[in-house]
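Shared chain: chain A. Partners: chain B in the first complex, chain C in the second.
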Partner chain A sequence: MRLELVNLSKKFRSMRGEVEAVKNISLTVEEKEFFVLLGPSGCGKSTLLNLVAGLERPTSGEIRFDSDLVAATGRKIFRSPKERNVAMVFQNYALYPHLKVYDNIAFPLKIEKWDKSEIENAVKKAADILGIAGLLNDKPSELSGGQRQRVAIARAIVREPNIFLLDEPLSNLDAQLRMSMRTELKNLQRRLEITTLYVTHDQTEAMTLGDRVAILKEGEIEQIGTPLELYDKPRNIFVARFLGSSPINIFDAEITAEEDKIFIRIAGNRIELPHNRMEEVRGFKADKVIFGIRPEDVEPQSDAEGSPVAGEIQDIELLGRETLLHISVDDNTVRALSESSKWEIGQAVGIKFVMEKAHFFESE
Partner chain B sequence: MIAAGVVLMLSFCLAPFFFMIVTSLSKNPEFLSPAADYQFTLQNYSSVIFKESLHFIDYLRNSIIVSGVAAVAGVLTASIAAFAIARFELPGKMLVLFFALAVSMFPQISIVGYLFKFMTWMGWINSYFALIFPYVAWVLPLSLWILTSYFSQIPKELDRAAYVDGCSRLKVLTRVIMPVAMPAILSTVLLAFIFAFNEFMFALILTSDHHARTVPVGIALFQGLHGEIPWGDIMAASAVTTLPVVILTIIFQRRIIAGLTRGAVKG
Partner chain C sequence: MNRIFSKDILRSYFFLLPFAVFIIAFILIPVVGAVINSLYKDVTFREREFLLFDNYISLFKDSGFWQSLRFSMLFILVSVPFELILGLIFALLLNQIRRFRGLIWAAVLIPWAIPSAISARTWELIYNYNYGLANYLLSGIGITGEPINWLGTNVGAFISVVIADAWKTAPFITIILLAGLQGIPENLHRQSRVDGANFLQGFQKITLPLLKPVIVVALLFRTIDALRVFDVIYVLTGGGPGGATTSLSIFGYNYYINGDFGYGSTISVVLFAVAFGLSILYVKLSRFEAGLR
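Here is the complex of A and B:
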């Protein structure tokens, strides 16, 4: 099922006034796609999910499942969650505490008044897929966090929903379990071929799970694209900062043109820009720009003399295969990833920026 | 020190019950009679239970029916209202809560005259209806407050999961909220039952004989034609009357405690 949001807005009224949680969002999730909504808390991503589920009414805009309008404020159409046949998994699992695991999974089917034998088959099948067939007679309170999450997912897939909605389903699990569930979830989605909308604030989850990712900030979409597109070509500083396990380096910089060359001034150092990046920089209105470069595109060099930029190692973080260096350059700190671990605090180092991979943003 | 406090507390609380039991088993139930004269008997109990002219069993039946129906109806009504107040965006829903509280603080005496006229007009005097309706209204504010605060503690994700699973609002209430809140609902029913069971003034004014008269009024009117007070009968009747309440508490206790100690959503 294809999901389409058109100019969707949601305002909440509270004692303190009006809050616009979702601002005029349009996006399309293709059939069988795993689509991730990524953003910090309060960016409206959960509200967006609730709007798709039918738990909230949009203030304006349309929601389409394939060609069916399920919500359209202009034509006063609003379908209930029941009519939309969506399934949802919540961060705190939301299992019914008074029901056994079997009855929890069977709940949506019982509400739809299926036959007893059909329910039994469907529940068994879902439980087998999630590997919880042995837990069917337990109460949710007897289960571990990971098992509860599996039950919640089984309840969601048991009736073959049109769209699968997940609201930070892994954030209550411990790190190791989160990783294995991530893989499992991805495989499950591929196998069941259900269009999936997944909300998270964890950029690793978004990068690993999503076919495409939308980054949200304050109710607006900053950028939509495949994880690699977002990582390699962030449209603005917010997107650049949000992705990447070691945060990107961001500096104020100044552009100076000399004859047919373009130089960029960063923290008192002058670096020449390679030819293939010139066009992009020439398009900027002001000379002041913001220069961003990911730690893996910063190469620390042990001889400080011959390098264009020189600094001193302040701090060293061992990450296993790689080492993250914090190098002070004048008043700034540059983060650099190095495959070598032969560094010492206080050591003078040179820095080479891989300019082909650098990002330039217009300053605000 | 703590043990001494417990003993003091318990003896203070249980002394009237002890006195009640002792008096009810006494052959010569006079106040301040010397302990040496005490003679054990079950006579008072058998007379209370079997003497038809006392109508005690009628009173007890009336009390249980009236209080039971009023408690269940009151709590059902209150749980629907509490669900609305705890869950929906209603303008002025806090006003409803405070209004209910304010109404419950009215002295009973201020409405009993009107109530008598109304019940006479309806032709319900000396019937169960005359008591059930006022009792429902009487236990409603208390039930509403207890249930609203309990429902508010149930995570909203449970409702949302239920809506997504295809429930209507009413089904969310009956299939999720009420079962999850069952311990609170049971204890509220019990509380409402005791409230209604102990009620005196409405029962005194709105009933006239054993067809509808409840136990508290019945016992109070036990005194004989010539003004003598049959303490033995009164105490035996009181002892029997506490039984249903004690039994109900014991039956519900296990479920109430099981519910309170069970993890709700997260572990």
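Here is the complex of A and C:
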């Protein structure tokens, strides 16, 4: 099932006034795609999910499942969640506390009035897939967080939905469980080939799970792309900052042209720009730019003298195979990832920026 | 170690003391007193005489007692479910309201806050045969040609009393159930909609089962209150016509004001026993529910 959102908006009216949670969003999720909506809390990603589910009515715009309009404000079409045949998993799992695991999973089928034997087969199949066949007679209150999660997912897949909607399904799990469930979820989605829309605020989840990711901010899409596209070619500072487990370095910088060379001034240091980046920077309207570089593209040098930028190590974080250095340069701090761990606090170091990987953004 | 422990226990008893004094003074002593009284012939200006169970024997032979017991049971059976359904409907409606919630909740509670004697007087005016609002409205719509004798017939009086009582106590049930509804996570309702349930299915399969423990509590309170019903009936019908709306409380009260404390106490003890039995039944029931969750 292909999902298409066209100029979708949602306004909420409250006593404090009108809030536009989703602003004129258009996007397409291809058939069998794992699509992630990523953004900070309050960016409208859950509202967007509820609009697709049919739990909220759009203020304007259209939603299509393949060629079927399931919501169109202009033509007064609004299909219920049932008619859309979507399945949803909530952050707190929303298991029915008074029903046994079996009846929780069977609930959507009982509503659809399936035969008893059919229900039993479907529930057993879903429970087997998620490895919870032994828990069918338990009450949700007797289960651990991870088990509840599995029950919620089993209930979602039991009736072969058109679209699978997941609202931060892993955020209530502890770190280890979250990692293993992440892998499992991805494999499950590949195997079942159900179009999936996944909401999260966790960039690692988005990067690891998504075939494509949309980054949302204040109800608008900042950028859509594969995780690598977003990571390597962020369109703006917001996207650049949001992705990456150690945050990107951002500095104010100034461009100066001398003869046929372009230099960039960062915190009193002058760095020459490689030829392949010149065109991009020439297009900028102002001389002042914002310079971004990821910690892995900053190379600390033990010999401070010969480097264009010099600094002093302030702090060292051991991350395992790599070491994150906080290097003070004048009043700024530069984060650098190093594969070596032979660093000391207070050590004078040189810094080399891999300019080919640097990001330039127009300052506002 | 042991000394500190016993000191703590002493301290906790000390904190319980005010409540214990209250219970002993206003509940335990009157109950024990009534039980003792019920064993005597105790009428004003006459000598007290020990009878053992004679009062109880005469009570069980008293047709007035059976009539009021029958009325009280019928009153419970009709008014409590009626109030429960009304309260549930209001609670479901109020639960949907997002704006001015506090104000509307407060407004709903007003009938509960008005003293029964006052609201019963108001209802008496509404039920008045000649100029009451009830007959005015009914004849105005043209449902009845003749005005209804609300308080003067057995059936009319019963209905009048039930309606007046429901008006007053449905808000109480509403508030209790509303609190229960608020306790059901919004996501469960959303989940049930995604799972394909319509409003009725969601109510029947999700809301109602989750509300059950709260309903049991509301039922317990209301049943015991309905068993003891006094003020509304006393003001509206005084127990009439012909004893048709005499509740157990009014039946006992009539003996007390005539100075027959022994027989009045006997009725009170029976009333207490029935209420106590009902409480235990409900508590057992609600524990059973808790075990199911």
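The working rule: the second predicted complex is superposed on the first by the 364 of 364 C-alpha atoms of A that agree within 3 Å, B and C clash if a C-alpha of one lies under 4 Å from a C-alpha of the other, contacts with A are read in each partner's own complex, and residues count from 1 in each chain.
Simple rule for what comes next: a residue touches a chain if its C-beta (ideal position, glycine included) is under 8 Å from a C-beta of that chain, and two chains touch if they have at least 3 such contacts.
Not measured: the values here are computed from a predicted model.
The superposition on chain A brings chain B into a clash with chain C. In the superposition on chain A, contact of A:Met15 is made with chain C only, not with chain B. Shared-chain residue A:Met88: touches chain B and chain C both. Applying the stated contact rule after C-alpha superposition, one finds that A:Gly145 touches chain B and leaves chain C untouched. Counted by residues of chain A touched, the larger count belongs to B, out of chain B and chain C. When the shared chain is aligned, no partner comes close enough to touch A:Ile77: not chain B, not chain C. Applying the stated contact rule after C-alpha superposition, one finds that A:Ile345 touches neither chain B nor chain C.
Contacts of A:Asn172 after superposition on the shared chain: chain B is touched, whereas chain C is not.
By the touch criterion defined above, A:Pro108 lies against chain B and chain C together after alignment on the C-alpha atoms of chain A.
Overlap of the chain B and chain C interfaces on chain A comprises residues 50, 53-55, 80-82, 86-88, 90, 92, 94, 96-98, 107-108, 111-112, 139, 141, 155, 165.
Across the interface of their complex, chain C is touched by residues 15, 50, 53-55, 80-82, 86-88, 90, 92, 94, 96-98, 107-108, 111-112, 139, 141, 155, 165 of chain A.
Contact residues of chain C toward chain A in the complex are 99, 185, 187-188, 190-198, 201, 205-206, 209-210, 292-293. The touching residues of chain A, when paired with chain B in their complex, are 50, 53-55, 80-82, 86-88, 90-99, 107-108, 111-112, 139-141, 144-145, 148, 155, 165, 172. On the side of chain B, the complex with chain A involves touching residues 155, 157-158, 160-168, 171, 175-176, 179-180, 182, 262-267.
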